[in-house]
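Got some structures for you, see below.
Below are two complexes that have subunit A in common, paired first with subunit B and then with subunit C.
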Partner chain A sequence: MAGIELRALHKRFGTTDVVRGIDLTVPSGAFLTLLGPSGCGKSTLLRMLAGLEAPSAGQILFDGSVVNDIPPGRRDIAMVFQSYALYPHMTVAQNIAYPLRKRGVPRGERDAAVARAAEVLQLTALLDRRPRELSGGQQQRVALGRALVREPRIFLLDEPLSNLDATLRSHMRRELVALHRRIGRTMVYVTHDQLEAMTMSTHVAVIDGGRLQQFGTPAEVYRRPANRMVASFIGTPGMAFADGMVATGRLLLAGRPLALIGAPDGPVTVGIRAEDVEIADTGVAACVTDMEAVGHETLLTLSGEFGTVTARAPADCRLAPGATVHWQVRPAQLHLFNPETGDRRNAALSPITSSNETTAP
Partner chain B sequence: MSPRLARTGWSLLAWSLILLVAGPLLWMVATSLKSEDEVFSLEPTLLPVEPTLEHYAVLLTETAFPAYFANSVVIATATTTVVVVLAVLGAFSLARFRYRGREAIASAVLLCYMLPSVVLIIPLYLLMVRLGLANTIASLVIAYTSFALPYALWLLRTFMAAVPVEIEQAALIDGASRMGAFFDVLLPQVLPGIISTALFTFILAWNEFLFALVLVNADDVRPLTTGVMTMLVSGFNIEWSLLMAASVMMSVPLIIILAFLQGHLVRGFGAGAVKG
Partner chain C sequence: MRPALHHLGDRSLGPLLIAPVVLVLGTVIAYPLFAAIALSAFAVDTPTLRSRFVGLGNYAELLGADGRFWPALGVTLVWTAATLALQIVIGVAMALLLNRDLWLRSLARSLVLFPYFVSTVVAVLVWRWLFNDMFGLANQLLMKIGVIAAPLDWLGTMPSALLSVIVVGAWKFFPFVVIAVLARLQTIPESLYDAARLDGAGAWSRFRDVTLPQIGEVLGIVVLLRAIWDFKEFDLVYLLTGGGPVDATRTLPLIVYQEAFGLNRMGMAAAYAVAMMITMLGFFLLYRLAVRGRT
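And then the complex of A and B:
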């Protein structure tokens, strides 16, 4: 088991800076998710942890000692590559057994370990096939098997579930979480799927443009997004944003007061999550411009003078596009951001009641 | 044109090509089986009337043919071994290690391959004399290696560059050494390339004539190509039936090797296991 510490980690390819100074510390046994859009540098960061890319600057520490100069084979890690990187000429069983073979594990023990991994990953029937005779999802499971067959200090997983169907994916999510709980090894998990990050991790590092945007528990990242990028990346449907204004202690949207606020006057970006929007008899008037049935609920797109927000409605919602509705949001649930930098602004928000205001929205 | 007619046309074309290529070979085999009289008969026959193996017997028992054959086997095998080992290691370096001048070396290699080998005759001859290697089997092995190596390097580098680096990196993480990853993972992927290289080199060394003529002038080290010529072709006379029998026997090893390796050449070109 090993804690991981990154100090001002930087990677540049030619003239492109791909990772731009990341500082991060996770304790031993953490399940750290690197979350971010495609191309933000997640794989590069993971490959530096693996020792496959040398950092251009900065340090990587495992358990307090710098590993920058330690080759991949001696870092005691296992990795699932985004590209799977299976050995094409070996069977599934040989692929999974390879790390054990290279470490001199005796035959019998090896076979037992392969059988166990194959069981968990539902690969038992495929053990004699070669990678090219497998579907993408099956190949991905073999790649997982090759990593999970050992118990290294650190697991590095690069989008290991991206190619699985929904059922298998949620099954594997549970398996990984159970495995993490059982063996308590540090895991670094790369994904662009915020749901995976939210459900599996103990720590989430949101990355964009090679920079760490926010680091915290899934709940912290969800409840208090550090900036607009994090806010819009996390949560489905995505957070809606509107341009607001603070004037004389009030937060105004489209010139109408929405809440009392303890903040200096000036422009502000207001973020509203779909689950905080309540359809009500009074409040902001808006037109239903789109409806999306997602099974257990219906997502409504509401357009009005405050801009466009998304609201959740029950699956049996009888509204039709074109209908006019009213919605409300509790002030404490609003997210405020600096319109220029996108950084979060913390301010005390409270409802405007009849005692302090006559025209509530 | 009806599809059927088109098919017949294509078949005809294919068969005439085959005949064009195989014709001389068949003629060679037929002639080697004819008696001396029949070869020079005024009414030429296509197939031998009375097939005879006497020329083969003569070559094998009464001439230096077996010695030349042995020399050729040694020269071709040694050249192939040296070229394959050097090319595999060199191509690995050119494909996988990063160092200054790597691209320059790769281009220089290609340039060497494009150089007509004739321009090397005199320098190589002088070099061999200085090294005291004139009239040795080693001189031919060195000369052939110098022609075959650039092509072999280029070919194998292309093969290796096409293999995703990540499978070797996976092997490194799984506990293999750099060389372990090379042998366990990369080598099996480029096996078809290695076989092509070996085949190319062997055929080149087996068939080469000009350098053998210039560099070697002693009967005990002469390979088949020059050996057979000096033995059977003189200013006054060409022993056609013996020459044809010798040619047939010279072709046999190549035919056997090709038949043996053909399957390997085609196999292994399967899809990789790395997602795009």
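And then the complex of A and C:
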């Protein structure tokens, strides 16, 4: 049985279409990440799941039944807001207990549940504080506690880590994954941070302009991006694109053959990830136009007639800007896209070797 | 200049710097206050300003033989409490309404201020016509829908006279509550309401658990200010009923006026004014205690 199913989900505010027909199915217990740039409609989609916005068209199903007309309080979901939305005049304990109180859970049970949630989230010492007396990370845990305490069937999280500093963010990322593993509930997680999506999710839905661009596991989305948007959004540094040409079974970049290809002649966009670029003695000639030391490695920006690609080099790389290098890429690691639509093109690519060089037409 | 100031040293420079403030406050607040208190110890004839020291005599009369103080204090308290309660209820309700996405919201927001901007004299004239026993709209409407059988002398009989004053006061001053509360409402993050809805809170719970705690502080100040202003309100009551019928709507400020300019007893007027001030001070302290006890 499906955890969550969206059917042709649409949302329009006035004359603006914010969500434009999304179909999606994730199994119960999934960690689904809605990933996309700011303003692409992620929060709107999440708010529709929560029941805080009504869909303009389409259906939302939880465990196989349509929930469109069920008010938020009765959808058996909990949500963590980007701003945490803690009740400022209530203590931590009262905040966490609030959803139980509103559901008429008796006092004793309530206190026990709050104590349990506080234990899990290491909030026990803070139960009598008010939100303004807490740090951002602590407030975030209280918001999680308030969601956790009533054991909903679905958790909704809207960029919950975006207000935390980098260290805390990576810590909370692991905490959330551990939490998901422990309680096994379906989670829907909104973020514009592809790293979070890659590291935490079982399923990723990449959204842009209110449309679903790709849906799959993090690995699928990374390895086989469905279009240029997904390819450029996922991975750091972003995928580089170059205008290529297919002519008589060869893929040419700036007129130079790069690989053998089983595709009809015509222009093609070639996508190259930095980690696939190898600095070598031969290959495509390029000029180092920029170097960025990021600690454990150095990112090289390489420019030439083909355009610009990024390459990764060791931290102790001795190159200097202005140097001329050669680079190579294994054909199987190239990504091809339709230059007009941006959609992925699948074609068999193989290296040009001296043996098949002679057999090629 | 600089060496001269330097020469003064911190000890004398400090008082010099706050002197202007002290002077202004002394002239506009302390002096009139003490003048009134001093005046209340004399029997003064207003036209001639001939005065005779009577000590606490005015107060003794006020609390004893005079006989008007206690009934007037009662009326003043009823008027203040009732009109204030109405102002708060109507004001908060209206603020909540105007805070929603209402059609023509900005127009509605300006319209709501109208009673507050209209001069009391004009407003009272209009209301007196509405309440007129012969031609008034109130009588016409109530008779048409069958609430009353014969026209009522709204402002000439009790309890309708006091009721009318209270209602007109609420109408005149509720916009103040609307403005103060609306300004605060607009700063409450929408996500708090979203969270409450997800937590299973209905409309009433959301009001009580999210809205009320947030506007509590501003309401506290509004209640304090409006209570003081309503307690001292003179022109609205004076113009609407003149304190009548007989003395049924006569509040303390009306007696002050009557003593000072009607009966030409400035000393007694001052005694009434000081008594009013002491009463307000008493209520203010009680209020402070109550508010502090709750937080």
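Just so we're on the same page, the second predicted complex is superposed on the first by the 318 of 361 C-alpha atoms of A that agree within 3 Å, B and C clash if a C-alpha of one lies under 4 Å from a C-alpha of the other, contacts with A are read in each partner's own complex, and residues count from 1 in each chain.
Keep this in mind: contacts are C-beta pairs under 8 Å (C-beta built on N, C-alpha and C of every residue); 3 or more make two chains touch, one makes a residue touch a chain.
All of these numbers come straight from a predicted model, not from anything done at the bench.
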item	value
Fit or clash between subunit C and subunit B when superposed on subunit A	clash
Which of subunit B and subunit C A:227 touches, first, second, both or neither	neither
Touched partner set for A:214, first subunit B, second subunit C, both or neither	neither
Touching partner for A:98 - first (subunit B), second (subunit C), both, neither	both
Touched partner set for A:88, first subunit B, second subunit C, both or neither	both
Contacts of A:71 with subunit B and subunit C, given as first, second, both or neither	both
Contacts of A:136 with subunit B and subunit C, given as first, second, both or neither	first
Overlapping contact positions on subunit A, where the subunit C interface meets the subunit B interface	50, 52, 71-73, 77-79, 81-83, 85-89, 98-99, 102-103, 146
Residues of subunit A touching subunit B in the complex	50, 52, 71-73, 77-79, 81-89, 98-99, 102-103, 130-132, 136, 139, 146, 163
Complex contact set, residues of subunit C against subunit A	189, 191-192, 194-202, 205, 209-210, 213-214
Touch list for subunit B against partner subunit A, complex	164, 166-167, 169-177, 180, 184-185, 188-189, 268, 270-275
List of subunit A residues in touch with subunit C within their complex	47, 50-52, 71-74, 77-79, 81-83, 85-89, 98-99, 102-103, 146
